[in-house]
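Have a look at the structure below before the remarks.
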Amino acid sequence: MIYSPFPMRVVSKRAEAPGVNTLKLEFVKEEDHEFFKQNYKTGMFGLYGIFGEGESTFCVASPETRKDYIECTFRQSGRVTSTLANVDAGDIVTFRGPYGNRFPIEQFEGKNLLFIAGGIALPPTRSVIWSCLDQREKYKDVTIVYGARTVADLVYKDELDEWKKRDDVRLVLTVDPGGETPDWQDHVGFVPTVLEQAAPSPENTIAVLCGPPIMIKFTLVALQKLGFTAENVYTTLENRMKCGVGKCGRCNVGSVYICKEGPVFTAAEVQAMPQADL
Amino acid sequence: MSEPFEPKIVAFVCTYCTYAGADLAGTSRLKYAPNVRIVRLPCTGRISPMFILKALQKGADTVLVSGCHPGDCHFTAGNYHARRRWTVFRALLAFTGIPEERIRFSWVSAAEGAKFAEMINEITEQTRKLGPFTQYQELQKVIETQSTY
Amino acid sequence: MTRILLRNKLDDCIAAWQKAGFSVFAPVRQHEMSSFGEVQKASDMAFDLVLPERTIKDHFFPQTEPLIKYKIGKQQIDSETMTPPDRKRVFFGVRPCDASGLAIDDPLFGWDYKDDYWFRRRDNSVIVTIVCTEADDFCMCTSVKLSPESDKGADVMLRPLANGAGWQVEAVSERGTALLETIPSLLQENSEPTAPVPQVAEKFDLEKVMEWLASKENFESQFWKDISLRCVGCGSCTFLCPTCHCFDIQDEGDTYAGIRRKNWDSCSFSLFTMHTSGHNPRNTQSTRWRQRIMHKFNYYRGKFGVNSCSGCGRCTRQCPVDMGITETLQAISNLPR
Amino acid sequence: MGIQEQYRSEAAALLSSGEVKLVIGFGEGSTADRRRPLFARTPEEAQKFVLDAACIANLSTYLVTEGLLSDGKKVAVFLKPDGIRSVNILISEAQLKPDQVVILGYAIDKAEITALEGRNISDFSLGEEIRSHTPPPHILQEAERIEEMNPAERFEFWKAHFSKCIKCYACRQVCPMCYCRRCIVDVNQPQWVSTSSHTLGNFEWNIVRAFHLAGRCAACGACDRACPVNIPLRLVNYRMGKEVIDAFDYCAGENSSQKPVLASFKQDDPETFIL
């Protein structure tokens, strides 16, 4: 039935940042897993739930190249996320999905990739990053620009280290002014500024940009300055959702249902939407 | 044969007086009916009418609300405020069809262990006579079944 | 020559349908409210209504619907999907606008993911409409290009006879033909004239309205603020609308057990779109009212080719502050070009 | 000059002098017997005001619109005595500043409509009138009929009515006293009142709302008229109003300085029901 979720077992929980956790989930039923394997593409989202509290929407943070499990990273804020943040390994939660569209990464082949993320928006970006890094030979230069408010707010710290060590990835890390620690070695500054300094070439490059609305707004300006066209910038939108399948009527921005036609859009598509509805 | 009816009584009590009174009943080895479930709260002023409604919905046959005698409130006036609220809430429940006997109110001080024990016995007996409070429970059952449409 | 069903045969008709396994629903008056309810005999029905206060939507997309029953144990969580009752139903005496409402919502509930709860009920139901003989001040079907004798969403269409003795009967779908096959002896050949269909004046120029709505610069027009100033933000227009379909999913229960339910929700409510972060894309009543109108007369049309309004007029009829789709669209229609 | 013309020109004068930024009154409705709230910001718009016996809505509900009065400017509003009563309650609950509201008062007696003297809330002394005011006979009769029922019958009566509730919250939205920015039913940690509109959830919602209005209701009947499924909310609100008079000699909205009844107490409040 349409609104029935898959039961998922919690494999592990990892604290990422204050109030931010990553859950690694595995399928309880093989047929559910089979369905997921056939349908999941990077960029899609799901409704993660726990009976008694409800469901909450966030992206699948694990890449399409690793479908044995689902990872999700979320900030503890409402009723559902507060409960999800308190589960332990072995607990059963639920997953409904994967829903929505995806990043067309096969179209990115042979191109340079620029990933830009802010704060808690690294998870959707990370899904694409690994999907591409796991097939590294298909893509040219990979640049990742990631910023958070403070050093503590950076998520996936292990993976950041890993990317930093790789010589086939250029990682630009930054924290907002005032968010640095005494031993912080990387940039201090807002993402758009740091991005402009890093000055990646727009030549044959696709940008994937995820972050809070205010960051997106200014980063788009920076990208434009660097010579990127809105058609070559991909981003994800999120809105409150309940059904995830285009029925419940709350996620639309103008005529666009984020859950069915999104969450992945090019910046050009986002600019065509009524901005007042975002 | 169905099980004989055992009343379920939920008591919302303030910790300073009635809870201490119930404690005294226990330490004094006064016997009172085991049908009561005591929920301890800081003050009668903290007892929201929602608590009473929820208890009735979730299967309580009678609800008891009890706290310090007027003038004895640990927080000076919590029970005076509570008293006004109860007056109104009691009238409201009665008007919407919940028998008044299903919600009982009392003042029991920390020294009144005997009063507490007697009262619980009396309420239990009265509830036994009234029988189970089925009105909300039946509505609860309805929502647990398939959609009626 | 056409077939007619006499009013005095209605009891037999209900009995025949019940015998064929149908539950029969019709407009009824109960506890100071008119709605569709199950009937056993013709006298249970309320025929004098222009339109019941509640729509037929209630019986396909109920105000609250159990989806999943769950039990939370120490070791495991058990869940069980709940399904709507699998029963055959005849809806008798539906007005064309209400029937159209069902047809309008079908593509939405079937959009890639099929909403089983809706379609199981749709598939098991036969809609018998009665063409209107009366319209009130709020009826506006003609304004949205439907009519008091539209057969959209209907399986059988009845036209009241002029003498009031019964209805001319016409099956307009296969399901309708099959339904009439259960009552062959109750129908008779007759050529009684039918009662005239009321003239419902067009209240606005729909083409012009849609054109105005489609124009991007009007999205942030002051018009929306002015027209929705008195909206108090309740959900009665959406809940009594035959086409509004928005819902919420809520878990309801206690620590040990409960039910996940699909409940009506309304775009008029401020919490409808509010993010957990506190950001609300539609944070004023004017943006919410704009959403409702745009959704009905622009977005829905773009996706499914129809406007999401069947012109029943309930939104205006029962609005506590006398707002409604009619007034807004009239105002748009009257804007200088 | 009739009262309608008098108030039109008064509203226009208030606006043109800049004394108020907005006048909330009534305009023509979608049918001959309907009137709808009308907001005038200019003297010209004030000419559209209608005032007659069909103007029964309690416009004070708009005074608590978020942000309306936060600029400190004044608003004028057409109010019947029940609306003035609402304003008193709102002031006593610190939701309004008395000087921000200019009242264009009127009273309806059958088809007759008369102007009320005074423009500031302090000009109106309603105490006598409210206390001596008896609700319409049909409400009294209905309420009495319910009181005479036994509890089981009463429960069935309300069950039948509450089962119709669709939780559209029209009752709450039109009520001047329901000014909470986030209603208890919209609070979900924990979810005290179920949002589902099944009969049990509807009992919960309607009981909680009635309780929250106890001793605060101005008896304007807005909720009752707004209810699209015709639940007789007037009865339960009337019953609550009667209770606070009988038990505490308290009448909501008599003046703007009274303390809210459930936020105050007397040491000798009645307690016959307490063991």
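Here are some notes:
For reference, chains read A, B, C and D in written order, and residue numbers begin at 1 within each chain.
Assume a contact is a pair of C-beta atoms (placed from the backbone, for glycine too) under 8 Å apart; a residue touches a chain by one contact, two chains touch by 3 or more.
Everything numeric in this text was worked out from a predicted model, so none of it was measured.
Of the two chain pairs examined here, A-D and C-D, it is C-D that is joined by more C-beta pairs in contact.
Between chain A and chain D, the centres computed from C-alpha atoms are 49 Å apart.
Measuring from the averaged C-alpha position of chain C to that of chain D gives a distance of 32 Å. Between chain B and chain C the centroid-to-centroid distance comes to 45 Å (mean Cα coordinates, whole Å). Taking each chain's centre as the mean of its C-alpha atoms, chain A lies 39 Å from chain C.
Chain A has residues 78 in contact with two or more other chains. Multi-chain contact residues of chain B (touching two or more other chains): 143.
Contacts with at least two other chains are made by residues 64, 83, 248, 250 of chain C. If you check each pair of chains against the touch rule, the ones that pass are A-C, A-D, B-C, B-D, C-D. Taken in their complex, chain C has these residues touching chain A: 67-68, 70, 72, 76-77, 79, 81, 83, 108-109, 111-117, 216, 219-220, 245-251, 253, 255, 258, 260, 262, 265, 267, 272-277, 279, 281-282, 287, 291, 294-295, 298-299, 302-303. Contacts from chain B toward chain D in the complex involve residues 49-50, 53-54, 57, 70-71, 77, 80-81, 83-100, 104-107, 119, 135-136, 139-140, 142-143.
Across the complex, chain A is touched by residues 188-189, 191 of chain D. By the touch criterion stated above, chain A contacts chain C in their complex at residues 1-4, 7, 51-55, 77-78, 81, 92, 213, 239-240, 242-243, 245-255, 260, 274, 276-278.
Against chain B, in their complex, chain D makes its touches with residues 146-147, 151-159, 192-193, 196, 198-201, 203-204, 206-208, 210-211, 214-215, 236, 239-240, 243-244, 247-248, 261-267, 269-271, 273-275.
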